[in-house]
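Right after this note come the structures.
You will see two complexes here that share subunit A, one where it goes with subunit B and one where it goes with subunit C.
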Partner chain A sequence: MISKALQRNFYGWMLVLPFVLTLLVFFVFALIRTVSYSFTDYDLFSPANFVGFDNFINLLNDELFLRATINTVTFSLVVTVIQTVLALGLAVLLNSKIKGKTFFRTAFYVPSILSSASVTLIFIWIYQKNGFLNGFISQIVESTPYIVSAILCFFILQTVQVIHHRFIGLPTRFFDPLLAIISLFITVVMVYITNRTGLITSTPMAISMNWLGSRDDFGPMPVTLWAITIQNIYTTVPTIMLLFLAGLQTIPSDLYEAAEIDGANKWQQLRHITVPQLAPVTFVVVTLSIIGTLQMFDQVALLGTSSPLESRITLAYYVYHQAFSDSGTPQIGVSSAAALILGALTLVIVFIQNKFGVKEKS
Partner chain B sequence: MKHATQIKSIPDTYYKRRRLAKTAWVYSALLLIAITTLGTFAIAFMASLKDNALSEPTNFNFGQVRPSNWVGALNLGLAGNNAPLFGGFAPGADISFEITYAVSDDDSFATPVIKIPRRRPGTGMAAALTTNYAADYAIVTSPVLIEQQDNVNYTLKRGVKKDFLKGKSATWRFSVKYQGEGPVIDTLPLDITTPRSQMLIDSTLDPSRFERRGRVASWVNMSPGLIGYVFRSYVRVWNESVSLETGQSLFLSWTSNSFFIALAKVLLTVVIACTAGYAMARMSFIGARFLFLLMIFSMTIPGQVTFISNYEIFNALGILNTPWAVITMLVASGQVLIMKQFFEKFPRELEEAAIVDGASPLAILVHVFLPLAKPALASIIILGFQGAWNDFFWPMVVLTSPADVYTLPVGLLSLRNAYGVAGDWSLILAGSFLTTIPVLVVFIIFQRHFTGNNIGSAVKG
Partner chain C sequence: MISFNSKLHLATLLLLFLLIPCSAQNRIVTIAGNGGNDVVAVNKLVSEVLKDDFAALKIDVQYFPVESDYSRFILNALSSGNAPDAFYVSVDMIDNWVATDQLQAISARLREASRNINPVLLKAYTIEGKLYGIPKDVNTLGLQFNTDIFDDAKVAYPNTKDTWFTFKDKLAQVVNAIGDEGVLGTCLSPDYAHFAPFALSTGWQPFNENNQTILDERFQRAFGFYVSLIHDGLAKLPADVGQNWPGGCFGTENSAVVMEGQWLSGYLTDKAPNLLYQSTLIPKDPLSQGRGNLLFTVGWAINKNTSNPDDVEKVIELLTSEKAQNAILVSGLALPSLLSATEFPFFSQDNPSSQMAKTILTASTSGNVMPHNFSQYGKLWQQPIDVALTAAMLGQLSITDALAEAQKQYNTMVNTPVKQRHKQNQKMEKQ
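Now for the complex of A and B:
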């Protein structure tokens, strides 16, 4: 029996050996070295001297580091919240009983499979001062008269129709889907006519907003990071949507049937059935999303010198920047200390999220 | 609601129509979202075809999408180098070209001045290597007036301002010939100068741009061939970024590096994930629980925390700037987890018979479990390929010089640094799109492994 158990242990360890080796060398050993470097003034070339907590103290006095920390945490929270909500909405929409779901699922997923390098470059082009986004916004602003009159027209038509329906005794709600289609159709025709006859005119506009190169803040984050936020959401929402979609398919349909009998509307069903039932998936999604966004690096590196360092820097980039910046000697000590803070921050935020945020069991 | 009681029964069709209308709204919403996601790529792709991706960003009616130019480019490529697709300027070339100008009725025509300028093609590293100029071999025949017309409507463009005018037009024809013997030259630039009031309204091939306030119509290449014209940036990204030492296309090196690294990484991942996943799922050995916790811990720690030590390891081994530094730096925790969770689902009886027969664990894994694990294997292979292909941070750290050793994402960064300042975004976008092709192909072939429920079940555990 003893030899059996020994044998089992031996085989088990033989099979995990390749994995354990990589884990020990590239993770455990590396982590220990990072800890030891963080207490020295190591620079890759000359021997390291022990400096105690100097690196950590210096970091707390370094404005760029503080900026990077604030940027990272804010970015992580903003992106996680927005993309979780959007992905849930998209999953619910895609989960409705319609044909051709596979097509939409595939189409939505494309941004998620492409490399962050490619997508970031495409977005940097979109965000250029004379780029597509500013051109697009200019056109929207230019057509404000049309948009405003279209919205007015739509609501007037809808109101008239709904009042008529109520008057003849039909239980029609204000956003009735059928009447809305009719209102929309008439609105489009009206706007086309006003455009052709020149009843409403627009003046050319040129918006040239500085998305990437600006030093300004918008709310809690630099404008540049907001631009990256949009790109990050664009590429990550599809992945999360798929996870939610898989979760939605496990919710028993009799829950909804029971709710319908009790007279719960769609919104109440979403709040009281879908969201609680999805809690295990949401927990995973939020945790993965926090870990992912806290290490945001690629976009910052690809932005390069076209944006000021302080309006794009994140902790992950700060760590790299201290170690391999183009100018000066590698500050491995400082870099390691910052890396440890990044690692600790990740653990703390994940812990707080598990403790007070979305729970695995609702 | 008072009125609702007045009608005793609401007809069935009332609800049926509403349900249909609602479905229509859902479809419209889905379609709108699909247009937003795919449209972003579509507009960027269109822009990558333009001569200058930043000119008139919302205008998508430009030379490269007009069939008349496709025909022109094809014929010109044929005349210049007997190459309808890629064009060029070779000995024996005799390229005939027509240009039509318009002026207002009280103005008179001036004969256009035609010149083959001595211009370096592009802005990249290839420009530094250019030794042959079309200008040294080309002779231009003087333009012959072949047609005149009255009552012509034309548009006078001055920046964003457009004036719709009426006047007369004149068409000239000239040819560009290759004089004597010499090398085949890729690009044949062309400049045609006229007075400001004389407007170019038609030509065999639309000009690339106007210079000097509309006086000079300029062609980057007047014998481009079809692909050379429509996909000029793509041809450029391939040809123009070359190694200064070997003269070889860098983009080609990056592509082969990326393929080699991704495939080797996938192979290693599969071996590690299968063996470790199997052992952790089916065998109880001392330390298994601790190993599991360590694995989860390693997944939460960012790569930036451990990269310095790993950099030093590869530096000490002397394999920085080789593909091996990227391939072997592999902690496959995520993939091990997927395989472990997949193997856990199988019933105990599956392996018991084999154990009784005295089969070793490795034999059981290979002969019993792996044949059943195809879906999970497909997932880790495909996602592993995608991950390795798109990987950016670690290759950027260990692959620094020479530029031949980069992978595609790192290469894109160098393109962005080299061409971004000059504003040459057509080329950067073209590079981005070329980079995405392999992953897109894998996605289209294996899309159910991407969007199927495997990923979901792996995460849900």
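Now for the complex of A and C:
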């Protein structure tokens, strides 16, 4: 007679069996094959010959691989930092008492549910030489004299009004809404008059930055990778924002009430209550973000075909490039070795993050 | 009551019903090719044009168009043993596929049956004396021009006497006359496939007698001219006018001329049916007075592991027959690879599409014409030139620096024996 414990174990095993099988086939088996291929010159068709550590040594001497590694690590750091901060900011905004909160939550989440290919196509249009981004930057640059004079005008008017109010004994704040509206109105009228009379002029500027076909670097990364960074942040921030939003719901409101009574302003509340309380969520977000960005592939493959390979290559794309090279000969051995290095790099960076970065507990 | 004879007749009839389909069971041959524009034309070819011919051979042809990345599909299919019996192999990839040892060499019988096919194309599919594919079509680049734009600008049409400089002069006249209406001279792609006619017209060869790629003075002269069209404001990159290929600029009447192959014809029929255009040959090099062009072709290759090679060869023979190539020509998909193609009635018709086809067929035999094939280097070979063109045309590098960088890459790529070449050599040594 089968004991109850054995029966319970049997059902347990039956329930996890599909996942265990999937894990065995697509992870354990694939990993073993990858490790074994990485020590061979396998090319899908000829018998594999053992080559020892040749593939790994060749990788370390390959400039393209080193460039891919630098690009991947930089991309991962830049995207993780920017998208975590942005997502937290958006979540805090959407968690506050604003009108149309549901609409904004939905609107901000939309980019996450769009297909990667569609978003990439839209961004290809945005990044064209005569595309939206260059047009927008051109407009901003062209309007700089008006923008600067408007800001100056606004602050001068506001300062004058506030000083006058305080002079007559009214306890007015600098950003008093009524005074700000008056200042804004006068500013708009003055900028309009200066524009019409030609006191302030602007020179037409046509920025024709080549975002996707560039070989230039900007800061720590190639321009093309920056373009991919913007797209990646656009598509990933909403999901992270949702995680933060869920985390924000769990923070007891008593903490904020107590802080308010103690005289803490919004920034202090964010810094000393929200951020520490969200530590478990931030830990998950940062870890997932690092893993996801280190494996960046699809947007690189779709977005950057017009730029030199060195300006857009990441490690995941390098692995694919070696397996399905344009020369037609699949370098499965080299590709497997690169995949293993990518895996090891991911583990190391996640370990460093856990050890020295954001902790699970505040 | 049913008699014994009736039962016997009934049994015989039933037996016949069972046997007829068995005896009429056709053998199956699977074929695969690119998706996109090919699908309708090839489906029609298989299910209508050659239907009776296949039936007479008792062969069922099953056609699988590949909509995703074609090379990746075939690579995976061959390595996993699921590849079709016959499939397209473009001329730029034939050496790579032969190196995988997955293609069956064409038999002497089919080789003999294909003797009417352009020998230049057959040569491109011949490696180590063995033929590995039967070219099914051919394409080169011609120069198409918008007659309305030239008439408006009161500029003489481009013609076969034009050299690079007279051609450039005509573009400059067009831009001067009606450039303020947003008309460009032309749209240029920063890639070797479009630039090659200029480089080859100088007499330059992709691989010299020592099998090395040297971007010599002739190449530099052609490179300088091609890039100068952009720098002098006579041309733009397609992306700069919101298009993804030069044909798009021409179809939207943004450019006065374009240099494309017969594939442009179908596009113009669909997207710009009222556009008035004519075709001529790409201009000559003023110094050598020569022309150049690339031959683009796709051939049918046979899977080495096919179970019925004889049937596959019969199917390929029919797919590349005069009847099939004429049907493909009429569909607007491609030009025939047959030497007798010029006698096809299509070429004597008086319409822009036929005139374009005639020009492109003429271009395929005019001057220094080379297959779009770079031996074992495959598509990788043209990457340094593509990158150099992009950098120079966008002004990111000077022409000298762009060429120097490309030459540096060729020195590494061509002078360093690739692993595949080692393997081939080892194989040959063993044999």
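The working rule: the second predicted complex is superposed on the first by the 333 of 362 C-alpha atoms of A that agree within 3 Å, B and C clash if a C-alpha of one lies under 4 Å from a C-alpha of the other, contacts with A are read in each partner's own complex, and residues count from 1 in each chain.
Please note the rule applied: a residue touches a chain if its C-beta (ideal position, glycine included) is under 8 Å from a C-beta of that chain, and two chains touch if they have at least 3 such contacts.
Note that the structure is a prediction, hence the values are computed from the model and not measured.
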Subunit C versus subunit B on the shared subunit A, clash or fit after superposition: clash
Dominant contact partner of subunit A by residue count, subunit C or subunit B: B
Contacts of A:41 with subunit B and subunit C, given as first, second, both or neither: second
Partner chain(s) touched by A:202 [first = subunit B, second = subunit C, both, neither]: neither
Which of subunit B and subunit C A:268 touches, first, second, both or neither: neither
Which of subunit B and subunit C A:324 touches, first, second, both or neither: both
Partner chain in contact with A:308 - subunit B first, subunit C second, else both or neither: second
Partner chain(s) touched by A:214 [first = subunit B, second = subunit C, both, neither]: second
First (subunit B), second (subunit C), both or neither touched by A:128: both
Subunit B versus subunit C as contact partner of A:159, first or second or both or neither: neither
Overlap of subunit C and subunit B interfaces on subunit A (superposed complexes): 44, 128, 130, 306, 324
Touch list for subunit C against partner subunit A, complex: 71-72, 75, 78-79, 93, 95-97, 99-102, 237, 239-242, 376-380, 383, 387, 390-391, 394, 396-397, 418-420, 423
Residues on subunit A engaged by subunit B in the complex (per definition of touch): 8-9, 11-13, 15-16, 18-20, 22-23, 25-31, 33-34, 37, 44, 90, 93-94, 96, 98, 102, 104-111, 113-119, 121-122, 124-126, 128, 130-132, 134-136, 138-139, 166-171, 176-178, 180-181, 204, 234, 238-239, 242-243, 245-247, 249, 280-281, 284, 288, 291, 294-295, 297-298, 301-302, 304, 306, 315-316, 319-320, 323-324, 332, 335-336, 339-340, 342-343, 346-347, 350
Touch list for subunit A against partner subunit C, complex: 41, 43-46, 128-130, 210, 213-216, 306-309, 324-331
Subunit B to subunit A touching residues, read off their complex: 1, 3-7, 10, 14, 17-18, 20-27, 29-30, 33-34, 37-38, 40-41, 43-44, 47, 53-54, 56-58, 160, 271-273, 275-276, 278-280, 283-288, 291, 294-295, 298-310, 312-313, 329-333, 336, 360-362, 365, 386, 389-390, 392-393, 396-397, 408-410, 412-413, 416-417, 420, 425, 428-429, 431-433, 435-436, 439-440, 443, 447, 450-451, 453, 455-457, 459-460
